[in-house]
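Below, chain A partners chain B and then partners chain C, in two separate complexes.
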Partner chain A sequence: MSTAAQRFLQDAAVKSADLMHREIIRRGMDSYDVAHLKGRARIKDWEAARQKCQEIKREAINHVDRYLLQFEEKVVARGGHVFWAANSEEACTYVKNLATRLGVHTVVKSKSMVTEEIHLSPVLEKAGIKVWETDLGEFIVQLRDEPPYHIVTPAMHLNRGQIAQLFRDKLDPSIVSDDPRDLMAVARRKLREAFFAAEMGISGANFLVADAGVVAISTNEGNGRLCTSVPRIHVVVTGIEKVIPRLEDLAVLWPVLATSGTGQGITTYGTLIGGPRRKGEADGPDEFHVVLVDNGRSQLLADAEQREVLHCIRCGACLNICPVFRHIGGHTYGTTYPGPIGSVLTPHLNGIAEFKHLSYASSLCGACTSVCPVKIDLAHHLLQNRRNATQAGATKSSERMMFRAWRSVMLHPWMYALGGWSARTALRVLYGLGLAGSIVDPMRVWNRYRSPVALPSESFRARWRKGLGSN
Partner chain B sequence: MQRKVSLFVPCFVDQLLPEVAVDTVKVLRRVGYAVEFPEDQTCCGQPALNTGYWDEARPCAEHFVRVFKNAEVVVCPSGSCVSVIRVFYPELLAHSSLREDAISLGKRTFEFSEFLVKVAAVTQVGASFPHSVTYHASCHGLRELKLREEPLQLLRQVDGLKLVEMIRFDECCGFGGTFAAKFADISGAMGNSKADSVNATGAEFVTAIDPSCLMHLQGILGKRRAAARTIYLASILASQAPANQAPAQEKS
Partner chain C sequence: MGQTEMTQTEMTQSENSSRERILERIRTGLRTVIPEPAALASDRAIVEPVVLEPVIFEPISNPLERFQQECVSNLMECALTADSAASVRQLDEVLQSLPDGEIFVQDEPSLRRLVETAVPRRAIRWSSQGAPAEASQATVTLAEALIAQTGSILVTAACGGRGASVVAPCHIVYATTVQLVPDLATALGRASREGILERNSFACVISGSSRTADIEKILVQGAHGPRRLVVILERSGV
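And now, the complex of A and B:
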């Protein structure tokens, strides 16, 4: 078992038994559920909207090369720079060198999962640069020295009391109120200093619009616009799969993203940026850079069966509905992207051997597939990942042997009937002796959380033969 | 000539929950079908399929197709197994000579409530079950087979039955086959959340179209010594007046 798998099992055991955690998440998800349903009802035909989004993303991903070049051409024509990063290292080095060359001491970041994926902040900090997360949730988890818990709501695992305590410990010991507005005011005052000190702003992108050559960013707190317009350098770090063909595609993608993410009709701020400040413009950066990150995405693109995983718009809906996520929480996954999309994606990006367990850590209930706004069949991809894991020989040899034996049994009805009878009879004897759940009980894992199955003396087929079969 | 159906009894039902299949037969016969049980049947292949062992699942699926390919209609008391046959066989058997037979068979294979409502076109089966019951929407029946209303239509026609709606009725119970063994802590926690929802309804029974969910849930409820018990849909539909006739249950 990989170290990641061992840690996952340990953390899952702790978190799934943590009732306070479950309660916080449950409350958050319940209010999301209500908002999400209400939001969906605002769209006249939700299924048609999903269908349209799927088509747009499919077209974009199938021609990703062409659309990215189109995007690049427009950005460069306006005086922006586009850097193509094959992996994390290339991306981080580019941003670090840029910052060093331009004398940057302070960076403000607006929310970006790709910068989490490539671990950009530690690289910048090592170079002596102060990095501020400015999304409130990201700011909170940064103070806690934690990765985001959720891709949309990074601090959803904390209640206001815990946040007030954190602010007291890290920002200002005189804080007494745990009113969200007061806490927000504390964060805002702190972050204003950062915004005006920073020489560089780093943002992600929700979409890269090919025909217009602009970056589209959806935010709610206004921090995104400060990051992209106040500092003299703006760097966008984003995955290559974010490209979409046309500006008009935003007409459906933006509301569908907002609805799936938070239940909003549209996010508070929708920002389109196409380059540095032009002559006569009041604000905007002097320098504008876009870092296009591949980091394993091209490999997924080459996989015709699972290519659609790149359609993901990172709305978080699959995390929110996932009963496994609801019970173990985001940090347990130990990955940048938690929940169903993370369990599908991570083995592709970070290796089957190390992360295959995530594809198994699902009951395959399919709730994720049912809500995905771009119609990625997530449950099906979890299953395909499992198949890939066994075909790559990444599963335990004892399990492989067991399924080979299972196959022989299932191909011979007499062996199946005899095997069923023997196993049932043996268990009945064992349970008769009061040994259910003991070390000799082969079903003890089952019986840890459940009372033993009441085993029948006869199978259905035996009863059928004994007379039930006469119509 | 009497209409005929072939019964597919999932392996775990055959070995662990025979009452489920017995009650399925009772109801099918009551609504006018002769029931045939091809004795060479074993398993649809789901355990191997879902654990990623497609090379092991494939011959098992081919065996299933050979056993049932001449059946007119197949009925199965499990939405999960039917979804394997209808939804997943075409991909599993993509390069098998039996692929076309499998696709055709998938279209003739029905989950029990689906068969009654959509094929036999009956919702009133003459059942009586004077108890409060809540309904858990089993995942594969709901999301792979799109069976949302069919089981409820049947339950609403049962004499004396009081249907109580459960919060998050469509959230997974946490069984998930080998998931329950590989991730016992998560499965147990999910089962306990579902049991909380069941208990909150105050219903005497929880029912579903997948006996596997119920086997898992019965274990969880049993461990908690909860008052609510599980009962498979066909066992409710098999129950008839007089009221003192004991219904068949998963577990006493």
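And now, the complex of A and C:
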């Protein structure tokens, strides 16, 4: 059994050398960059907007118990149900039992990363319930039996040709066109049957608005709208950290989320739902359930340094800007939440020992921190996770020995000089024999895919003595 | 309160053993003190209305002009009409361009007048008869407000229900200029004060027709919802 860290290294090596993958991601990120900058320019004072969003989320998280209870009270008063799930199992069991009790055969889902986190779909399918992902990107990765590649654009690792082929294989062999419009039309036709057949719609939530007691769902395609309008049961599965104090907070959160997520001024549908269909309303579900998932989140509240990780609004901006994500792609992380936010969050949710390597898969360049719309200091949290992993003794004994050796070399100039001389001499011999990048090359990690860096003829100290320092 | 008269909250609580545990964990976690930045000396400052939006967003001097501009960038159609006769003609024109088939209309007196003048030959399903049919060619509704800042319409369940703005390939909104509000903050603030979400199980801020960019980040207009969003915006008499 390979560990998560070994799999990560293997997949990263494969993906970063996959030129087609790199080309697809480069193009996708390029168009995101253009849209994102254009979107930011539409906001008069972007920094003030970030500041405001940070304040809203800080207020919400610092009183998350109070705001959740306020939300719950409103929803329950309207005839909705609120279920608090301590972990994935409780959340999945609740939804499964509800579906079984109410005779559900088909479920339509709109995008929800929390349902990915708790692995809800496999649980429902095991109970004999058909689950349709209805967001186009999610639908594509579901057909491929893959997890989402990206938290906002789940299928951004595929080009139109690959998607057309997938649709031919799985839906209709007569599909010819690979025009995105035609592919969307195929998905629309297929999924419309599902929308009108399903008894239950499952959605996520972008925000839980405490004072109004409503869930706020941002979608562009309208699938989220149909999931929450047509079936007779609507279930919201979301994290406890999604709560915000006031309805008016959306006046800044909505534009900022849209700008950071896709570069839009605002998402096409900002839906607010507070309960089941009321008497006199033309349509809407008869049952409304909100599943509030903790799954490790409440532990983060006690972390004085990293509580703010719960401010995240899942816009994906830190993934898009991350040079590491751009090279290794979303699946390599092997986590529900990839990219910088995932590398920070996953060790908290799934264990530091197994996922500490993610904190090292970063150049600490700080690009993530600079774009985060709620100003989470992601780069420093990665650094803190490294420290936490070391303090927890999660490092290998060989690594600790190496660092002890390094320490004594750094403390003894003669050892450092000897080490430098040996390395230069040995590498010169090795490179001379044409063994750079081979299995015996200690610099193999670097030299495998690159020409070796030219070796200096003498040490830095020798050059310093010859007057390097006076220049 | 007698045992037989358990409120729904209490029932939910008794079935949900994790509720108290999670709340306890939250409260324990929150006891960890985090130094607040100087700017946030008190929580009160955040909870009370702070007029920050004008600083964040460009103030809107001409809501009508702004709304029309934003409609263009949101890929929605906005037809400004002088009076109800012009609105009827506009509605007729839009409906003429659509394939044959039933349309769904919010059951409301002004829409009854408008639609019954404009479409003598089409089957009409009124919202009082229930949800729109899957095969509806268009839906015609009112809006609660129009938001200039983002080129959005605010609809609620009262505007013909939930499906009325999403099921058909074309959604037509009949509105008047008096319904224009400058920005999201105003629209949401008003919704909050007027208790719109107390009276409706659903509300939605709609900014354009449905769309996706999930394939190669290429924009496709008309995903699962309407391909066309048409606002017939009638100038209100002064």
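Going forward, the second predicted complex is superposed on the first by the 401 of 471 C-alpha atoms of A that agree within 3 Å, B and C clash if a C-alpha of one lies under 4 Å from a C-alpha of the other, contacts with A are read in each partner's own complex, and residues count from 1 in each chain.
Following the convention adopted for this analysis, a contact is a pair of C-beta atoms (placed from the backbone, for glycine too) under 8 Å apart; a residue touches a chain by one contact, two chains touch by 3 or more.
Everything quoted here is computed from the prediction, not taken from an experiment.
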| item | value |
| --- | --- |
| Touching partner for A:A127 - first (chain B), second (chain C), both, neither | neither |
| Residue contacts on chain A - larger count, chain B or chain C | C |
| First, second, both or neither for A:V186, with chain B first and chain C second | neither |
| A:A197 touches, of chain B and chain C: first, second, both or neither? | neither |
| Which of chain B and chain C A:L383 touches, first, second, both or neither | first |
| Which superposed partner A:G213 touches (first chain B, second chain C, both, neither) | second |
| First (chain B), second (chain C), both or neither touched by A:R407 | first |
| Partner chain(s) touched by A:G270 [first = chain B, second = chain C, both, neither] | second |
| Which of chain B and chain C A:E248 touches, first, second, both or neither | second |
| Sites on chain C touched by chain A in the complex | 8-9, 12, 16, 18-19, 21-23, 25-34, 40, 43, 46-47, 49, 52-53, 55-58, 70, 73-74, 127-128, 130-132, 134, 150, 152, 157-158, 160-167, 183-185, 187-189, 191-192, 197, 200-218, 220, 222-226 |
| Contact footprint of chain B on chain A as seen in their complex | 9, 12-13, 16-17, 22, 323-324, 326-328, 360-367, 369-370, 379, 383, 385-391, 395, 399-400, 403-404, 406-407, 409-411, 413, 416, 420, 423-424, 445-456, 458-461, 463-465, 468-469, 471 |
| In the complex, chain B residues that touch chain A | 2, 9, 11, 13-19, 21-22, 25, 29, 34-35, 37, 39-43, 45, 47-56, 59-60, 63, 88, 139-140, 143-144, 170-172, 174-193, 215-216, 218-220, 222-223, 250-252 |
| Chain C-touching residues of chain A, taken from the complex the two chains share | 24, 27-28, 31-32, 43-45, 48-49, 52, 55-56, 58-59, 62-65, 68-69, 72-73, 76-79, 81-86, 90, 134-137, 140, 153-156, 158-160, 163, 180-181, 183-184, 188, 191-192, 195-196, 211-214, 220-223, 225-226, 228-230, 240, 245-248, 250-252, 254-255, 262, 265-278, 281-284, 288, 292, 294, 298-304, 307 |
